Amino acid sequence: MAVARITEIIGSSPKSWDDAVKNALERANKTLRGLTGIEVTKMNAAVGKGGKITEYRAHIRITFILEG
Amino acid sequence: MAVARITEIIGSSPKSWDDAVKNALERANKTLRGLTGIEVTKMNAAVGKGGKITEYRAHIRITFILEG
Amino acid sequence: MAVARITEIIGSSPKSWDDAVKNALERANKTLRGLTGIEVTKMNAAVGKGGKITEYRAHIRITFILEG
Amino acid sequence: MAVARITEIIGSSPKSWDDAVKNALERANKTLRGLTGIEVTKMNAAVGKGGKITEYRAHIRITFILEG
Amino acid sequence: MAVARITEIIGSSPKSWDDAVKNALERANKTLRGLTGIEVTKMNAAVGKGGKITEYRAHIRITFILEG
Amino acid sequence: MAVARITEIIGSSPKSWDDAVKNALERANKTLRGLTGIEVTKMNAAVGKGGKITEYRAHIRITFILEG
Amino acid sequence: MAVARITEIIGSSPKSWDDAVKNALERANKTLRGLTGIEVTKMNAAVGKGGKITEYRAHIRITFILEG
Amino acid sequence: MAVARITEIIGSSPKSWDDAVKNALERANKTLRGLTGIEVTKMNAAVGKGGKITEYRAHIRITFILEG
Amino acid sequence: MAVARITEIIGSSPKSWDDAVKNALERANKTLRGLTGIEVTKMNAAVGKGGKITEYRAHIRITFILEG
Amino acid sequence: MAVARITEIIGSSPKSWDDAVKNALERANKTLRGLTGIEVTKMNAAVGKGGKITEYRAHIRITFILEG
Amino acid sequence: MAVARITEIIGSSPKSWDDAVKNALERANKTLRGLTGIEVTKMNAAVGKGGKITEYRAHIRITFILEG
Amino acid sequence: MAVARITEIIGSSPKSWDDAVKNALERANKTLRGLTGIEVTKMNAAVGKGGKITEYRAHIRITFILEG
């Protein structure tokens, strides 16, 4: 039977949390194969001198199938 | 005094978590009356062969007033 | 060394959770200085008579540097 | 063997949390049979303009036996 | 898109926790359709006068698709 | 839109937890305006030499609207 | 320096959770000395055939000083 | 009214988690009377040089009635 | 001193959760050395059209010694 | 009866977590009176380019008595 | 197979949390045999009139083997 | 935007938890680049026959930037 692994990564974006998730997923695709799902476990952000969000950060847990 | 109930449902959408929440709420309105609030308790997603999100899923807890 | 404080506020918006976070942050900037980051800890919403979300609410924890 | 179900409801009362629990339980008896136990999972309250509690709210999980 | 619901039930068995899960699932099939998954959230047991387990109990969360 | 803040205080009473909550709320009204709700997050107590409760303590989270 | 121990007991009462806590504490005083504090960690109850609470149960963690 | 105590023990077995629970319960019966229930709170295991489980371990919380 | 790492994997089996754990461990042995222990953190399952479990899934955290 | 408040601050230090706690406490004494206790809720650290800890950070919850 | 028990104690020290753990462990050795491990579950402290820590407190869970 | 990964390791030391954290970090530097922060998530220890701590163990979550 298939065995999967879960790894946790943090994506970031100057635009939104949705975009931060996409950036994380895009990076994960460079080194991992067999991705089947993600879960967002934390949404935080850095706030700059002007009091606005400068970097959205999304923590995601990624599940991917381990080959053979 | 009013008594309310909480039930947990999972909405899905090919577009976004916000849309998944809306779909869940729309479905809930078909069978439940007296909805007063929701809370998002989990945001996950299925990832397809191409490494992109194919289905956003939002778990929500819905509160609604029990009649009479 | 710098010492920071964390406070919890709830922002609201008729449009979205992202907007609720922004409203909370905007209000925080009126009374706090030295904001460095936020974390979203809860996303809930009020649902109106028509069964639609009438107010999005985002609970955020704000970190800010305590001066001297 | 018996199978039971757990459902979560919120009772309210202008008097106390104990009374809120009783109101919740009373309402549950109208639609459910075979109740065997409850657990209080949250005690909160609405506060009115005068700064006093206007409505006590108790979240309870109710266990009841599913018939045949 | 499909919307699913999660409900929590407790199965019991004089034999084992695995059997308690099966009994819970069997009962759920009598009233629910579209079951897609379960999660075991608690394993406890009643112990009799002789100091042995007399009833295994498994709490499970069941996910099922809400039709149309 | 309105923005609210949550603060945590501990009330005490020689009589009961209900009374400890009331004392906490009464004190909060002296310095805060716009209170809308509370949640009890912890109930503990000091026990004296005679083995009886000498001070009931209730931890509550208070929500209040931030003006302007 | 003093060293304390924490133990968990469950008190019950046909009247109320407050009474269940008192019964638990009274019993603890029979076998333990040096009690300094308690915390209520769970409030549940058995419900009888008539749909009313027949036994209130309070789980408490008791702290007591270990002698010499 | 009866007062119960909860204690936590860890059973082990070379065969299975079910067996580890049984071993823990058997040992508890040697020193405790009035056992009424258990809950499994953790299932872990030691893995040997060959990469196989050499010892299953089950953490259980045992409830027993305190006499007189 | 030895340093260990913890990784999380998900094993599956058509037979049982015990078997799902074994499959996960077997797969881990193909790529990891120095395994010393595991902990089961989640037990869920897929349910098929017939309302029966078609795939048992066990989430386990594996500890292994990092060489040199 | 006395009412206390809990606030959360983050202390930092280039030397140790113990020192980070002390720095946080020292800063708190500048603006708060009636401090009675603290609890460490998180210990994290920033790591610099050389792979060493450059700033220890301790999150603490401070309890202080609210005057009259 | 060996069966172990877990008990929770609180050590204190005027010097440090490390010392509070040692004091707790030293006391435990007076009445318990077969200790195999500990886990620190809480670090708090009493703060005196001068705004300094007067007593460090460490909550620890102690595991020890139950003899025959 | 940068994407980071979080991995969990356990460091040990015969001297202290601070030293266990340092050992874990030192080992991590051998195989990982771009470390930016750590968080201590668990502090436990092995206790030897003499009833003293023989090995301090610190679980840490390490964040490091994923290159290109």
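Should a chain be cited, it is by its letter among A, B, C, D, E, F, G, H, I, J, K and L, assigned in written order, with residues numbered from 1 in that chain.
As a working rule, contacts are C-beta pairs under 8 Å (C-beta built on N, C-alpha and C of every residue); 3 or more make two chains touch, one makes a residue touch a chain.
The structure displayed is predicted, hence computed values, not measured ones.
Undergrad: Shortest hop count from subunit B to subunit K along touching chains?
TA: When the steps are counted carefully, the minimum from subunit B to subunit K is 3.
Undergrad: To reach subunit K from subunit F by way of touching chains, what is the minimum number of steps?
TA: The fewest touching-chain steps linking subunit F to subunit K number 2.
Undergrad: Find the geometric centre of each of subunit F and subunit L from their Cα atoms only, then give the gap between the two centres in Å, rounded to an integer.
TA: Result: the chain centres lie 39 Å from each other.
Undergrad: Could you please state the distance in Å, as a whole number, between where the Cα atoms of subunit F are centred and where those of subunit J are centred?
TA: 23
Undergrad: Which residues belonging to subunit L are in contact with no fewer than two other chains?
TA: Subunit L, residues with two or more chain partners: 7, 28.
Undergrad: For each chain, which other chains does it touch, given as pairs?
TA: A-B, A-C, A-I, A-L, B-C, B-D, B-E, C-F, C-J, D-E, D-F, D-G, E-H, E-I, F-G, F-J, G-H, G-K, H-I, H-K, I-L, J-K, J-L, K-L
Undergrad: Which part of subunit E faces subunit I closely enough to touch in the complex?
TA: Residue list for subunit E touching subunit I: 18, 22, 25-26, 28-29, 35-40, 62.
Undergrad: In their complex, what parts of subunit J are in touch with subunit C?
TA: For subunit J paired with subunit C, touching residues are 7-14, 20, 23-24, 27-28, 31, 55, 59.
Undergrad: Using the touch definition up top, name the residues of subunit K that touch subunit H in the complex.
TA: 1-6, 63, 66
Undergrad: Per the contact definition, I'd like the list of subunit H residues that touch subunit I in the complex.
TA: So the residues of subunit H touching subunit I come out as 16-17, 42-47, 51-53.
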